[in-house]
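Note sheet for the following structure.
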Amino acid sequence: MYYEPKIKEECGIFGIFGRKNASQLTYFGLHALQHRGQESAGIVVSEDGDFSIHKGMGLVSSVFGENNLRKLKGDRAIGHVRYSTTGSSLLSNAQPLLINSGKGMLALAHNGNLVNGYKIRRQLEKEGSIFHTTLDTEVIAHLIARSREKNIEDSILDCLKQIKGAFSLVLLTKDNLYGIRDPYGFRPLSLGKLGDGYVLASETCALDIVGAEYVRDIKPGEMVIINSQGVCSIQYAEGHSAFCIFEFIYFARPDSIIGGQNVHLARMEMGRALAREMSAEIDVVVPVPDSGISAAQGFAEEKGIPFQWGLIKNRYVGRTFISPEPEIRDIKVKLKLNPICEIIKGKRVLLIDDSIVRGTTSKRIIKMLKEKGAKEVHFGVSSPPVVYPCYYGLDTSNRRELIAARMSVEEICNYIGADSLTYLSQAGMLKALARTELGFCTACFDGNYPIGKGTGKYSLEEGRKCCGV
Amino acid sequence: MYYEPKIKEECGIFGIFGRKNASQLTYFGLHALQHRGQESAGIVVSEDGDFSIHKGMGLVSSVFGENNLRKLKGDRAIGHVRYSTTGSSLLSNAQPLLINSGKGMLALAHNGNLVNGYKIRRQLEKEGSIFHTTLDTEVIAHLIARSREKNIEDSILDCLKQIKGAFSLVLLTKDNLYGIRDPYGFRPLSLGKLGDGYVLASETCALDIVGAEYVRDIKPGEMVIINSQGVCSIQYAEGHSAFCIFEFIYFARPDSIIGGQNVHLARMEMGRALAREMSAEIDVVVPVPDSGISAAQGFAEEKGIPFQWGLIKNRYVGRTFISPEPEIRDIKVKLKLNPICEIIKGKRVLLIDDSIVRGTTSKRIIKMLKEKGAKEVHFGVSSPPVVYPCYYGLDTSNRRELIAARMSVEEICNYIGADSLTYLSQAGMLKALARTELGFCTACFDGNYPIGKGTGKYSLEEGRKCCGV
Amino acid sequence: MYYEPKIKEECGIFGIFGRKNASQLTYFGLHALQHRGQESAGIVVSEDGDFSIHKGMGLVSSVFGENNLRKLKGDRAIGHVRYSTTGSSLLSNAQPLLINSGKGMLALAHNGNLVNGYKIRRQLEKEGSIFHTTLDTEVIAHLIARSREKNIEDSILDCLKQIKGAFSLVLLTKDNLYGIRDPYGFRPLSLGKLGDGYVLASETCALDIVGAEYVRDIKPGEMVIINSQGVCSIQYAEGHSAFCIFEFIYFARPDSIIGGQNVHLARMEMGRALAREMSAEIDVVVPVPDSGISAAQGFAEEKGIPFQWGLIKNRYVGRTFISPEPEIRDIKVKLKLNPICEIIKGKRVLLIDDSIVRGTTSKRIIKMLKEKGAKEVHFGVSSPPVVYPCYYGLDTSNRRELIAARMSVEEICNYIGADSLTYLSQAGMLKALARTELGFCTACFDGNYPIGKGTGKYSLEEGRKCCGV
Amino acid sequence: MYYEPKIKEECGIFGIFGRKNASQLTYFGLHALQHRGQESAGIVVSEDGDFSIHKGMGLVSSVFGENNLRKLKGDRAIGHVRYSTTGSSLLSNAQPLLINSGKGMLALAHNGNLVNGYKIRRQLEKEGSIFHTTLDTEVIAHLIARSREKNIEDSILDCLKQIKGAFSLVLLTKDNLYGIRDPYGFRPLSLGKLGDGYVLASETCALDIVGAEYVRDIKPGEMVIINSQGVCSIQYAEGHSAFCIFEFIYFARPDSIIGGQNVHLARMEMGRALAREMSAEIDVVVPVPDSGISAAQGFAEEKGIPFQWGLIKNRYVGRTFISPEPEIRDIKVKLKLNPICEIIKGKRVLLIDDSIVRGTTSKRIIKMLKEKGAKEVHFGVSSPPVVYPCYYGLDTSNRRELIAARMSVEEICNYIGADSLTYLSQAGMLKALARTELGFCTACFDGNYPIGKGTGKYSLEEGRKCCGV
């Protein structure tokens, strides 16, 4: 089973307090969260008030080795894996941030996107602040440092009053580890217990890997403070659940539990819902690996039609050089996927995937299946069409790239060359997720933005002004 | 679906003739054969009698980049990916070999193991030959160069009379590409057609990736000669099919076709056969991903018991540094696999895998499932116990590592902590593969070695005498 | 002739305005300044208000390649090479700094050390500023951004009123390139003209390499503003020349001109002065290559005693692994230097060097010469004993490492095993440099600190609090 | 003082027997011989009949690190540094060669060039031998392995009867270390003693670095056998000294002793000889650093004209990227050399160098000096014009590149823009070297080839046929 996201995006955060090997455990935790960001990785560890940091571009396993892990000594740490949502792909934009302030050393790691980040930044610059990165995280750091509150906790609370948007945060100070979710709980954050220590992680799979016991999710509008006395909680704002539904559709790992619901089983449920909404006559259900597997299984069970591995995925996909020769067309999809003829030949195939972004890969897969002898290729998507951009931390904001924002379902069907195309309805999807205790943000499907669009993204023009390491 | 082999082993070979971008296509072909060897990769290309070579340690995508592919110009090429079966892990042992001889330049790539390689080498050394590598391939090169036959083709045939063992070979001379299988056809080799050109590959998935049409398998005891006139064939020895059954059990990619049979479907058939031989009362069938998936699906279908993803595999497994702390026990298996509690809790689970080698991973998985609440964990293996070492190119020769060579089935069951353990019978396995047109080598199960054990492996002592780049 | 400094230290800065290939020329300029810092290198370039940056750890030639130079487009740039004097050896401490502020983008590169940097930083932190680095340069950036002056030029001048210490600065804004020296002119900075453009550089050898014509040195207390209108100058503070005399002793390249005086000829003059102050009976004058060559030549000429290459330096000195075996003693000095027996055998040798820091190398050289047959080995140093630490940017601050701070000249002579040891007197040194138009800082010899000691260095304790990339 | 060769060429060899840290000492020895080859480096070490090898492309310090040195265990070793004279720049052509033969393991390292190597290779290929490299060393290995003599020593002697050319060799077998020079002694090889052990090295500077005492040079036509019994010698052929005079002109390190003569002092002597043959009126003698320093010093002393550092060399010369802009002309020489104006302005300058190869650098230096104000620039070369190619291991074989092979002295003078140009006469050079006990090969000056031209070099066409790794 699988969870390599098709659209690379988002971030993963991790924090730990009160465990001797804090950096080693954070390293494992980031490894389990690798699917949430492959661009950069970083760890800040602290011991007796001394902070050490290591970060770099690339996967967790290439950024960290025995040598730099050995140097990261301490019993408390935070970590971050990243794919950029704001700011460019630069080392200077890697997280965590570690800064000196009048209130002491402060390390921050952030998953999400502020809708008023740009506005606050401009105001701070006017007042004489300087910025080294294009991260919202640096805005948060400034607000904490400049707060008139004297102690750091009150300063953080002061900052939380000012920022608006999607944010799950872990912060490390000399004495405390903080875990914070925004009042709408757009992004996930879970609390676990490991012996005498505590763990915070974007997903429960990162609790599992370090052997921590899942305690509960941090609530929307909640801040937990972890130190040698234990955990205490402050509800700093009224909470309204508007959890990002795409975490269930494809971001989260299938083995994670969110809102009390296992993700893989939720996806199977969405497959079942799709089956109930759809009536095409088909011989075989084939998942697009890995993203369509759970839904395809649910679909097949619900309909009683055989689930078959009609497409095989090559596990060895590194950076592959492809010369621009005309005769090497379609190689891109072939480097990843190969059909099994015996399974699809002469059959009416239903391909299942969790979503369609630009449609180019879907188009190539369908062409390949038809060339190999499929009689018909139908396409089922276990979520509704993505029509609206996300302003809360998902990298689907460029509306021109979203095929469903430009074409009707019928047009998409023609474009990808399918014999039919069925999306799961929004109502069906929400019903499939009813077992969770969560409210959802469905803005990307219906345009209902819980907290407005803001100016959360730097314009391209802005971005161009600062590039390099 | 998957094909990362648990036991790293074997080699993959590829050859192409008559296509402008020979090195680029070979690169794609090796990419598709990457599962057959991750230790080193190499390509020899030829144009107008000029030969160019590039090889290196590591994956195909890291050994080859735009720069060195651009330099490999020509319309004919051979390539090789390798995990050592003989010789040590050295760059000097990477293939193909490219040598100067009195009969012209000669490039060779070899998959297999000679049982009389060591004996011939000693004889050649006595007669004044010198060896740079510990490869059987170099023995073959010497025999060709020293043959009293004048042209290279007769020299190759002369060599084939002298060597004994498992070998699939591709050879490139100034004018011809040769594809050869030993008289027992232990190792696979397929022929494909791509436009006016021809392709040879260890598996058909490598024909698929370059868009070549599958023509047929090279026959045991056959040599094909490919040049600008087309293909011709010489049956240089009487053929007896003794195909390595482990290619079907786990080496080959599920999308490959061998002996007319798709590998994934063959594995499902083995799962069905296991289901017919087994009667344990279970609630859910869970594959060990990725190796047990096909068999688990066949088993579940045959028995009518639900197939469920009880174990999730992390796709990001690089070299991970693990500090030797006692509290980080069991992390090795957790870095790769995580259970879904909802699926296994309180259930009688049947784990399915394709084989058990040392038993340590199986033991850890079962422990993890029980800790997460599985009521019972039974273990089904879709092949018989591996009791005897392989002398024909498989890296299972160290008998002390094979758990089934040391313990009875009952003892293994106790060791891995399963509630029951069932292996597929040899008869059941052969019946499941009856649809292929092949005879099989089953020596690793029953000790019936078709061509003896030979002295095919260098002793450890030998190996120590030459190490380094 | 040579200028690899024995004590690695300091920084080199470079700026250019109005030349199409600004980054390529800055790269050459930094290459010529490489002796001033081998730890990190960086370039910021600007075009139409867009700023690009690239920096990294290591030599200029390894940090910059064709690819990243090509991306650095613009007609104005600043660059920096660094060996840390404050802050630890981290990428985040590499310069130039490029920051966003309310007054626009600002890039800064700094050579020197502020004596009130730590105090200002603490004050800024109290007021809510956050710091990403441990660099004085970031203090300067904050002061400019927070100034109540509205335009950036007035803000810079406002900042210059507040900082105290040794600083030569180049700054790049959207429209202007600034070159600034502190009121005492501790560190060098020269102005050159290249066609219609202008160049700023720590040393004139960097003007030479890009083909710029030397115009003049920036004056103590002067700021020059370079833009499309040309150059204008502001004497922002009264200037008093207190130039770092160690630039002449060994920092600067022998081909540079400072204060109207070529450095190599100044060093020869110091050798002559030493000759006049010394009366040992010797047969041959041997320089310690490369640092003692100029002085040895001056000494030999003045005394009429033959100058001879008694020690040969190996040019290939990379990082050499030395196993800790007892029989491999003295290998460290042998990897660098080897005597010519014919020159020193039976002779009374006078070794000449520009300074003695810890004395260990001098001791090993003398031992080696005696073993090879030198009758007597005398030692002449072309500068006075370094007794006091530097607070203005030189890395000799750890007093325990300075042998002359712990021992008398006689004790040093015994320690290094010389038959006699003579240092140049401070008066003799100043007389030898009389031809320059400069006043000098001689604090390291006599403890007369022109602007006090300040708290310019972070304590070790401070340094420990932030380490990593 | 210096020894970075202008024309990169040749090889350096090293051998040691009977010292515990054989690989570490070989590493130091190769470091001292680095000037003889920067392309690749390798070490073979042996212990109790087990051989280990490590080799790679690049400098000794980058090929070897703590890890691979630690693995190279044994009390006897040979090493090699290389710049290609035959064969292409490939890892497979790095030395030493380590081969398996019927007479046991054999490691070889070779400096020189066989004139009948190509012919023997063709003959061996005809007889069925295969070649992996394009090295003469492999020809030697084949001849030893194929000899009908039974023991390895007689086989080596048998081989020595057949090969013709320039060769200094170190060979390592299970029991013995061999040191061999060809009958004309073209290439150097010295013997040293280190405690109970023995050392062989191309130059005595490599004996010095390991602390070995110089014993004597291996004689032309001599083979020494070193083992646990000590050293014994076989004069396998009548010796005639025809030592490569270019070792004295610029190959060898100035601190080495060859034929009883220190190289630096010999070069000074050549400078003096040039002074006696030349009468130009000049004000100052300026060496081209580093190659012209010794001769310039001798010249200046003989003539009583001041020696001055008019050109300063930048020690940091890595691979520098130079964009192909027209305005960056002459940057290549400026990256290496910068004049001191005060020394050359208005002066009649005599530049001294050890040779002129293509003349382009000389031309650029003279232009630079004139631009900086030199009144006249004369050029003195401390050796005769190189007119004929070398067939004995020097990389000057491409006659079109040798300016003196195409132009008269007057034409060269015009081409490089000098006011006069004087070469040392051949008679003057030989007289300057009269103190050595050696006869010299002067073929590159006068075309008198002691053993003919042979077919020692592969034609370009040949070379093209094998490239890669």
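Per-chain residue numbering starts at 1, and chain names A, B, C and D are given in the order in which the chains are listed.
Methods note: a contact is a pair of C-beta atoms (placed from the backbone, for glycine too) under 8 Å apart; a residue touches a chain by one contact, two chains touch by 3 or more.
According to UniProt, the chain labels map to these proteins: A, B, C, D = Amidophosphoribosyltransferase.
As the structure is a prediction and not an experimental result, all values here were calculated from the model.
> Tell me which chain's centre, taken as the mean of its C-alpha atoms, is farthest from subunit D.
Result for the farthest chain: A.
> How big is the gap, in whole Å, between where the Cα atoms of subunit B centre and where those of subunit C centre?
Their C-alpha centroids are separated by 60 Å.
> When the C-alpha atoms of subunit B and subunit D are each averaged to a single point, how far apart are the two points in Å?
Chain centres of subunit B and subunit D, defined by C-alpha means, are spaced 48 Å apart.
> Distance between subunit A and subunit B based on Cα centroids, please, to the nearest Å.
Computed from C-alpha means, the inter-chain centre distance equals 37 Å.
> Residues of subunit B touching 2+ other chains?
There are none in subunit B.
> Which pairs of chains touch each other?
Every pair of chains meeting the touch criterion: A-B, A-C, B-D, C-D.
> Spell out the residues on subunit B that touch subunit D in their complex, using ranges where they run on.
Touch list, subunit B to subunit D: 42, 44, 49-56, 71-72, 91-92, 97-102, 105-106, 121-122, 124-132, 134, 141-142, 145-147, 464-469.
> So in the complex, the part of subunit A that touches subunit B is made up of which residues?
1-4, 20-21, 24-25, 27-28, 31-32, 34-35, 38, 59-62, 64-66, 69-70, 205, 208-209, 211, 253-255, 257, 262, 264-265, 289-290, 293-294, 297, 307, 309, 312-316, 318-321, 323, 325, 327-328, 330-331, 334-335, 338-343
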